[in-house]
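Take a look at the structures below.
Next come two complexes, and both contain chain A; in the first it sits with chain B, in the second with chain C.
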Partner chain A sequence: MVVFEDILIRILNIFYGASIFFLIAVGLNLIYGVMKLVNLAHTALFAFGAYIVAGTLMKILAGFVELPVGFLIVIPPIAAGLTVLAVSGAISPLLTYAARKSEDVQLILTFGLLLIFEDMFRGLWGPVPVVSNEAYMRSGMFSLGGSQYPLYNIYVMIFVGGMVIALWLFLHKTRVGMLFRATSMDIEMTSALGADVRKVIIGAILIAGLLAGLGGGLYVPAASATLGMSIEYLVYAFVIIVIGGLGSFVGSLIGSFIVSALRTLSLAFFPELELALLYVVAIAILLIKPEGLGGGKGW
Partner chain B sequence: MRKWGGILERVSRRQFLKGLIGGLVAGGIIGAGITYVAAPEALRREITGQPSPQPGPFTPVLSRPLKMGIQTFFRGGGAVLGEPIYRGAVLAAEEINEAGGILGRKIEWVARDEGTAEESVREYRKLVEEDKIDFYVGITSSGNTPAIGPVAEELGMITLFADGCTDFLFEQAIKNPKFVFRITNIQSADGIAAAIGAIKYLDLMKKDKIRVAHIHPDYAYGRNAHAHISIVLEKVLGKDRVEFVYEGWPGLFRVTDFSPYITEIMANKPDIVATSLWGGDFVNFYKQALGYGLFSRTKLVTTLSHGAKPQATGPDYPDGNVAGVHANYYFLYPHPETYPINKSFVERYYKRWNEYPNFEAEGAYVCVYLYKNAVELASKLRGGGWPEVDEIIAALEGMTIYGPAGPLHIRARQPNKHQGYKDAIIGISKSDPNYGFSILVDPLVIPISRITVPEGWDGTPDPKAGTLAYSWIRATWKEGVLPI
Partner chain C sequence: MVIVIKRNPLIEEISYLYIIIAILALAYPLVFSFLRGWDTILTYGIIWAIAALGFNILYGYTGLLSFGHALFLGLGGYAAGFMLKYLGVRDLELYILGGAVASLVIALAIGSVVVRYTRIFFAILMLAIAQVFWSLYYKFYWITGGSDGIKIPRPNILGIPSGSLDAITYQYIFYYYSLALLFILGYIMWRIVNSPLGIALRAVKDNETRASFIGFSITKLRLYAFLLSAVYVGIAGSLLAVHSRIITPEQAFWTSSGKIVFMTILGGSGYFLGPIIGAIIYNFIESIAMKYVYWQLIMGSIIIAIIAVMPKGLISVIEKIIGYREIKIQPKQYMQKGGDRS
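Now for the complex of A and B:
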């Protein structure tokens, strides 16, 4: 017997999953757009954000007086975002170097970077998953008919919804945003017209890092920071950019949403086929519309 | 004749003599070297003129220390379960050394990583061939014992598996083991114990209908737990009363966001949720499930909720759920106040490693003491001196040892020869402010003979579930009767 609240909860889960995916996918697409580089290390930055919050920040804050929930759900993710922004700045020379090389070199360089990050996580925070659920637990839950739903997830969805709007406004209503879009569409022409595309590239790397770190920081209270998280999300990110199209803002949205929906629904009806289903759909998209469902539209 | 003469003529007599003498000298040196290296101790002492020690029951027979090889997960999702193997073995070795060693020989140890099957076999070979260990304690993962077992038999190394409890090992991979032994209870006992715990603690016999949801990590252990929990529930409660409403199979340590699974489970309104999720997976799962209010609607029946490091199950873990410890040891049973061996073990382990021991630690600890006991017995039976490998094996077979968990017996006959058997524990979770984490209380002690295939049973493994236990339950358990 299918109950209304069950359907609603599934829909909420789809939006929640899509929110996390979006923060990862849009950064990946931003970097690809301006540099034409598929940065496989991007999900490691997401994991970094998760580790910074769970492994370091929350341990420091735990020593203080009991902080209000509002503080806990906002400040740590922002701090993670800023930290990862700095880390992206640090690795940007490597990314700009890779962008000039052929695709196979890019693959090896960026994937190698991901593996280095994973080893660094193990060295800094140990081999065991790092848990810090205070923000999640203290946010509480609300009732939906006979069921319950965690309020923290709702908060994440609202937060990311705000980010979607903010990013869209940035890209379409500001001069700097226009520069980003122009650089994605035609970097030579944009440079010829006098824009400093190097700054745009660095900007893209930094913003992508900020969003990834933010994503990790938002995600971790509801889960944990684990080794292999980078790879877990890289697998999803791959399918998202195939389905949504590379270098596209709209594609990031579409891809995130579809992958989250496929995942949630396959777990409902064919639990064992989850990943297989995702990749079957990805292959189908590649065959039917290789530029992706949102691709070709640019930003 | 002419041919021979021809050869001799080409070589002058002087050259021939030089060659002959040179060859004899070289041969003599090489021969002596080979003899020295390959010679038994006694001969070597004669050559170098060292006095040979007089044999006796407990006098040092070899001055060379004993080398123990340890292999387990030191990193990754398995480390929370596996590293205690190292800690338990080292604690035992240190205690034994403190007391004078095994027949006077001190134990040294070298540790290597466990990983995938290929990696683990490679590291195992290094332990035996490069590090030259005398005996081996290790392995957490059931994926690795069937890979390493045949190699251990090939290399002739006494190998005491502290876990890697898959039924497959002695039922199919090495049916007639000589060098390989396993100390922790066989894997099928795990799911069976959890199901029995569910029936007893949650009073399932009295319900008309029981809706069961499953969520297990998608690998051999999860599949095994799923199969045996299901068949026990069906046999004891009756197929018409039990309804399996959902099955989730997340990859092992591959998922951090369980919310879709949790939502699906709850949508199917189960009475119980059976799970063999463990380690990081289990912590993620239960913390997220708390957010969805899973625990106010259903009860969790676990094989391993309290079996990883005891303190990993936080004080927020809800009370009243069936708490599994992999059908093995829990640090509070037998209660340290009533059983000195456990008291000493828990106290020393906590002092040494600053945490409470899990069943892997206890298993590895017992492995080392089992080896010690077997060596001492074999030595006594042969009238003194260090026993041969065959004699140690003969002493191990059929041996019973009292470890921190209570008595453990090593089976000497088929089926499952060389498998260890000790009574299984299952319990109920309760948050304890004294400890600061959720502990297992009201332990139900299940006599191991009730839930494992007995010696002499001659069935075949079930083709689908892959274990003898499954066939045995199907063939011999009475419908509607709890076997304890």
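Now for the complex of A and C:
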């Protein structure tokens, strides 16, 4: 039965990885959808969330005696999400400025922003990786036959699963969500029909920031916050977007799963070729279906 | 009736390339004797200028922004490293040739695929491919030396054995060698961008659809620009590894790609000389900024400020000083006959 457990654990890992990827990719796609801006600095917001939880919140919370696990796994990520929401609100003028420029200038501007973020992390939290796995450790394990699997990962999957449903409901069942979808389909027409698209754009930036910060906060207890993390995840996020299709909700979901699956499997069987495999798949999809697997379906 | 045409001497006259090369040739002994330590930075500037010049045929002239040109810097560097490690080659000329050929071969292999994409997709694809190579340099450490890289001792230049030169003479020779290379490659590039091919490339950048209606093969033209830029950056990669005396995966990392983009924008991608000036100034700014811990912050702020304040790059300041030249043309008789509607 060892083989069966092995497969089950791999599947759980794929779901876990996809959960984290989704929170990054959906924000990137949302911003691209409504303002046609490819924001290279987006994964820096994810790293920001991770740093806030590991470097600041957990240090403060460590001062209190024995907080319940339930508190540790819920409050810090949400606090990180809200902080990053504020940060992305602060950078939104730059993003809207960049969105008015041509695409190459957008890439360069947001790349400059990424550099600034990276050094901010270095300044605020130092050059060494920040580890804070209390929430992860204290969540405990559950046994799968002979092996152990961390409960924290299960929690993340459930949390993100809830977010996926909530986001879908928001986009499809509310009036504001409809405005988001309309703006990403045709911004001029939406504007002409009387919707305030500037508010939609700001809203998209804030939601993307919230999700990225949340993702960072959920991710960090099981790993660590490091410099260069923004770039590492930027590379994954781009592969997700290429596979799933730019500006698509379904695409972010499909892309996250495929990238997570490829990553889990290649790390298990041929770790040297992990990135190479990801890109070969991305290039193949670009060649066969340039609009991505979820492309054309919109939100 | 007289027609007045505005001409931009910075874009249309090669004499400014000669002026820059002459200034750089005269500057080195001065920098060497009065600004100790900066001479190496100047040499780096020359080498990066070759890379940026090659990059700009793709970005400034053809309109394809690549975030992965460190791929070719890495290939050039590792070509030199492998030639030394496995073949025992000690000649700079062969390193450069190896770097150019390696870049050309890989560029041919990936180029036919990537040039079908433009804008963000091209940028991402190039970033992705460059990162694959970077990860391979790291992971296959038994071939590439991993993060320790391959050390490259002083090579023989123009057949002169490296052992027979003292350090200062070597530095002088290496500088003027690189400068001569920049001049030759710059001259070739000038001829190319002003040839029918170069004009066709600009047509592709300005309006892809119209260019294809005229009968140009867009992918072919883009591929030519891609190959050309790969060769230039590959050569720069070999020189860079030789000048640093080591090739590590760092040279192929995305930050190097960012550097090339950055210096081109800094100088002005719309001008032939923009990348050259940008590369030299960038290396000076960077080495000043690197004295501080937060140099990325400084560089990031500078890049945003430049885009906001001087979107055409530093060279546009020179343009303002020189100004445009007005050329008056007397239209010929036959043009006046048929076309006078006033």
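Everything below uses one rule, namely that the second predicted complex is superposed on the first by the 297 of 299 C-alpha atoms of A that agree within 3 Å, B and C clash if a C-alpha of one lies under 4 Å from a C-alpha of the other, contacts with A are read in each partner's own complex, and residues count from 1 in each chain.
Here, a residue touches a chain if its C-beta (ideal position, glycine included) is under 8 Å from a C-beta of that chain, and two chains touch if they have at least 3 such contacts.
These figures come from a predicted structure and were not determined experimentally.
By the touch criterion defined above, A:V105 reaches chain C but does not reach chain B. With both structures placed on the common chain, the touch criterion links A:E272 to chain B and to chain C.
Contacts of A:L113 after superposition: chain C is touched, whereas chain B is not reached. In the superposed model, A:R122 makes contact with both chain B and chain C. Of the two partner chains, chain C is the only one touched by A:A282; chain B is not.
Put simply, chain A uses residues 122, 271-272, 275 to touch chain B in one complex and chain C in the other.
Of all residues in chain C, those touching chain A in their complex are 59, 65, 67, 113, 117, 119-121, 123-125, 127-129, 131-132, 135-136, 139-140, 254, 258, 261-262, 265, 293-297, 299-304, 307-308, 311. Here chain A touches chain C in the complex through residues 38, 94, 97, 101, 103-105, 107-109, 111-116, 118-120, 122-123, 231, 235, 238-239, 241-242, 246, 271-276, 279, 282-283, 286-287, 290, going by the rule given at the top. Listing the residues of chain B that touch chain A in their complex gives 74-77, 79-80, 218, 247-249, 251, 253-257, 259-261, 263-264, 266-267, 279-280, 283-284, 287-288, 290-293, 296, 316. Chain A meets chain B in the complex at residues 3, 6, 9-10, 13, 16-17, 20, 122, 127-129, 131, 133, 136-137, 141, 147-150, 152-153, 219, 222-224, 226-229, 232, 263-264, 267-268, 271-272, 275.
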